[in-house]
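So, here come the structures, one by one.
What follows is a pair of complexes built around subunit A, which joins subunit B in one and subunit C in the other.
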Partner chain A sequence: MDLKQTIIDMMHEVAELTESEIIGNLSDNTLLLESGLDSLGFAILVARLEEELNYDPFTQMEDAVYPSTLGEFHAIYEKLRKKHDSVRIRQLS
Partner chain B sequence: MTLYEYVSCLNPPDTLLISNNGNNATEELVSLADVFRRNHKQLEDQSLALSCRDNIKLIQYLVALDGYCSRLILLPSSLNEEEKQQLIKKSECSFIIEDDQIDQLIMAAPMHQQTVWTLATSGTTGTPILIDHSLESLSRTVKQPSQKSQDFIWGLLYDPCRFAGLQVILQSLIGGNMLVFSSDNNFNSQVETLLQHQVNALSASPSLWRKMLIDGRIRQMSLRQITLGGEIADDSILNKLKSSFPDSRIIHIYASTEAGVGFAVTDAKAGFPANWLNKPKKDIHMKIGSNGNLLIKQSQQVGGKEVLQRIDEQGFLDTQDKVTQERDRILFLGRESGCINVGGNKVHPEEVENVIRELNEVADVRVYSKKNPIIGELVSADIMLSEEQEDKKTVKKTITEHCKTKLELYKIPALISFTSDLQISPAGKLTRTSS
Partner chain C sequence: MPSITFSTIQQKDLETLRNWRNLPRIRNNMYNTNIISSEQQINWFKSLHNDSERRYFLCLLDEKPVGALYFTDITVEECHWGCYLGEERVWPGMGLVLEIAALEYAFDRLQVNTIKADVLSFNLPPQTMHRIFLYKENGYKYIIREGEKIKVLLYTYTRKSWATNKQKVFVRIPAKIVQAAQLAEFIQMR
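After this line comes the complex of A and B, so read on.
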């Protein structure tokens, strides 16, 4: 599954819910706070991603280092996805 | 007067109590109480805790023990063992009655006093606390039989050990009306019992009323008296009841185990008239505190350490229920403790539920808080649909769009899930534990 696309699609969904608008040219360097979502939007994004992916890096991280760019945001999820998937494989086998 | 005395001088219908297990005539109640007192002299003027799973037996105990023991602590069967033991310890009672088993815990000097009825309530933190009442404070709203009400057959849906349940039981034992109940708390057997015995007067929480209307079987009943209590009665449920039972009187009661009975609203509209704030109704004074909570002062204050802490210098009890004024009406917003804190913005789950219930697609809804690492808490909703829908995505959108027309953005549920059954607590209320 393309995690990056999932995140971007979800951002659009949340933007619709919170009546915000995602900027046109999203890139890895885009600052999250300039992407169009406010803090409520991000809170909902994280909650919706948890519902979709079954894991939440923000509640699992030991140091509260919040990402500032879209690239960093994606990286946190990617890192945890590998860990999560390997745990699932172990549970299934 | 004691309960025994009330029951002794009634001219009730031959059968006062009907359960799905069997009938129990009034004379039996009195004679059973006589036998019990004769055989248990050690309980006279002592304090005791009572836990009983059989509702008929519980009522028999109440008649035998009021006016006999000095203090009666009622332990709802819904308490878990730990909570039960906590309350027994807190109460410092001498005896414990569990179904048929009577045990002495400590030796204590007899105390000759009017029986104190001690009830357990979950208070605001969830840990049960003890509130002292008297038969008098518990039966303030009992109506003596009138031409209109003497043929009322009351149904009991509440836990008999809780404040609301006792109101209904005492209406029967003191008011002389027939009482119908199911021996277990299974929803299906409760509804069937009500139908079978043609109950025409019923008191339940708004959540239970919604559940029964959705179930549909009670629509066949010819209800003449509908009472709502325990939760905020919004216009939506009141209107639904009005149209389902056009011949019934509908009242909703504001009461709490801590405050005792506050007042009854009989115009079948949500909230209560704003002018009640200026003129005391019977012996009840009300005002709105600076924190937006309803404050009540009654001549008959109930006791208990935890409650006394919330009474101010003028004798007003902070009910911890938030209210607001809308034109000539005072409306309830929700429990102070039930607020969802979305990044500093407070949301009352009840307010969001009321808006969502306006949709025909929605049978009922529970709104609660979900912890969030970014903003603290988010609003979440569990929806029970009126009809099964394939396309959940469209339904979610409908719900969200509807909420946008009435609520600020932070109040709109961030997460929506669907359920076939909303959990109702033993006290008849929607449970909103956060996840």
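After this line comes the complex of A and C, so read on.
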């Protein structure tokens, strides 16, 4: 699964749900503050991603690091996905 | 779960606050857009002492300063409130936490009956937020800022309405945000 694409697709869904509009093309350099999603939008995005991926990095991070760009947001999810996947593999074996 | 604390502003916080307040994205949404000097900031801080009509808090996310929450024109009956996030790197949904904390603090701690919020008409995010929280839009007024006529939307919330709407509002917001806001602590130093 392409995690970045999942995040981008979900950002568009959440924008529709919250009646906001994604500004321009989303890229790694897009500032979250200028993406078009508001505070509620991001809160819903994180909740929806948790439903989809079964983890929420922002409540599981050992050292809290928060993103300012979409690239950083994706990197935080990617980093925890590796941890999450390795735990799941250990549980299955 | 991220921890959120609101701490009374102290002298050591002044430069952080001043730097945030002078950011174009923040000062452009204020009544006063002037760049605040260090001296003005110190004088403003001194003026807060023994002023029961104003309370300013620094918002800390995991013990790191990220924004400000403030209450002004406090009387036994009502108060105004405002906030801003100075840092861009915050927990997604922090704006909602500030919104909940403001309502809870005003009605539970200040014990006012009405909370008011003024929003410049071109500042859209707080308008969306106030709609989600079911604020009542109580008309508007005009101000002249740097020679320009600007419309200001006037929002109010009564204690009674918040008691009625609270659960309705909370089901629209992810549970972790509500939980974090309800666990947020207010620390008053003076």
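Following the convention adopted for this analysis, the second predicted complex is superposed on the first by the 93 of 93 C-alpha atoms of A that agree within 3 Å, B and C clash if a C-alpha of one lies under 4 Å from a C-alpha of the other, contacts with A are read in each partner's own complex, and residues count from 1 in each chain.
Keep in mind that, in the parts below, contacts are C-beta pairs under 8 Å (C-beta built on N, C-alpha and C of every residue); 3 or more make two chains touch, one makes a residue touch a chain.
Note that this is a predicted model, so its numbers are computed, not measured.
With the C-alpha superposition on subunit A as described, subunit C and subunit B clash in the combined arrangement. Judged by the touch definition given at the top, the superposed model places A:Leu17 against subunit B, while subunit C stays out of reach. Once the two complexes are laid over each other on the shared chain, residue contacts for A:Thr59 go to subunit B and to subunit C alike. By the touch criterion defined above, A:Ser39 reaches both subunit B and subunit C.
By the document's definition of touching, of the two partners only subunit B reaches A:Glu51; subunit C does not.
Shared-chain residue A:Asn25: touches no atom of subunit B or subunit C. Using the contact criterion defined above for the overlaid structures, shared-chain residue A:Gln5 touches neither subunit B nor subunit C, since it reaches no partner. Of the two partners subunit B and subunit C, more residues of subunit A are touched by C.
Overlay on chain A, subunit B versus subunit C, candidates 133-141, 367-375, 385-393 or 421-429: the clashing stretch is 367-375.
Overlap of the subunit B and subunit C interfaces on subunit A: residues 18, 39-40, 42-44, 46-47, 56, 58-59. Those residues of subunit A lying in contact with subunit B across their complex are 17-19, 39-40, 42-44, 46-48, 51, 56, 58-59. Those residues of subunit C that touch subunit A in the complex are listed here as 1-2, 25, 61-62, 88-96, 99, 125, 128-129, 132, 172-177.
Interface residues of subunit A, counted against subunit C in their complex, comprise 18, 20, 31-33, 38-40, 42-47, 56, 58-59, 64-68.
Of all the residues in subunit B, the ones that touch subunit A in their complex are 342-343, 370, 372-375, 378, 400, 404, 409-410, 412, 414-415.
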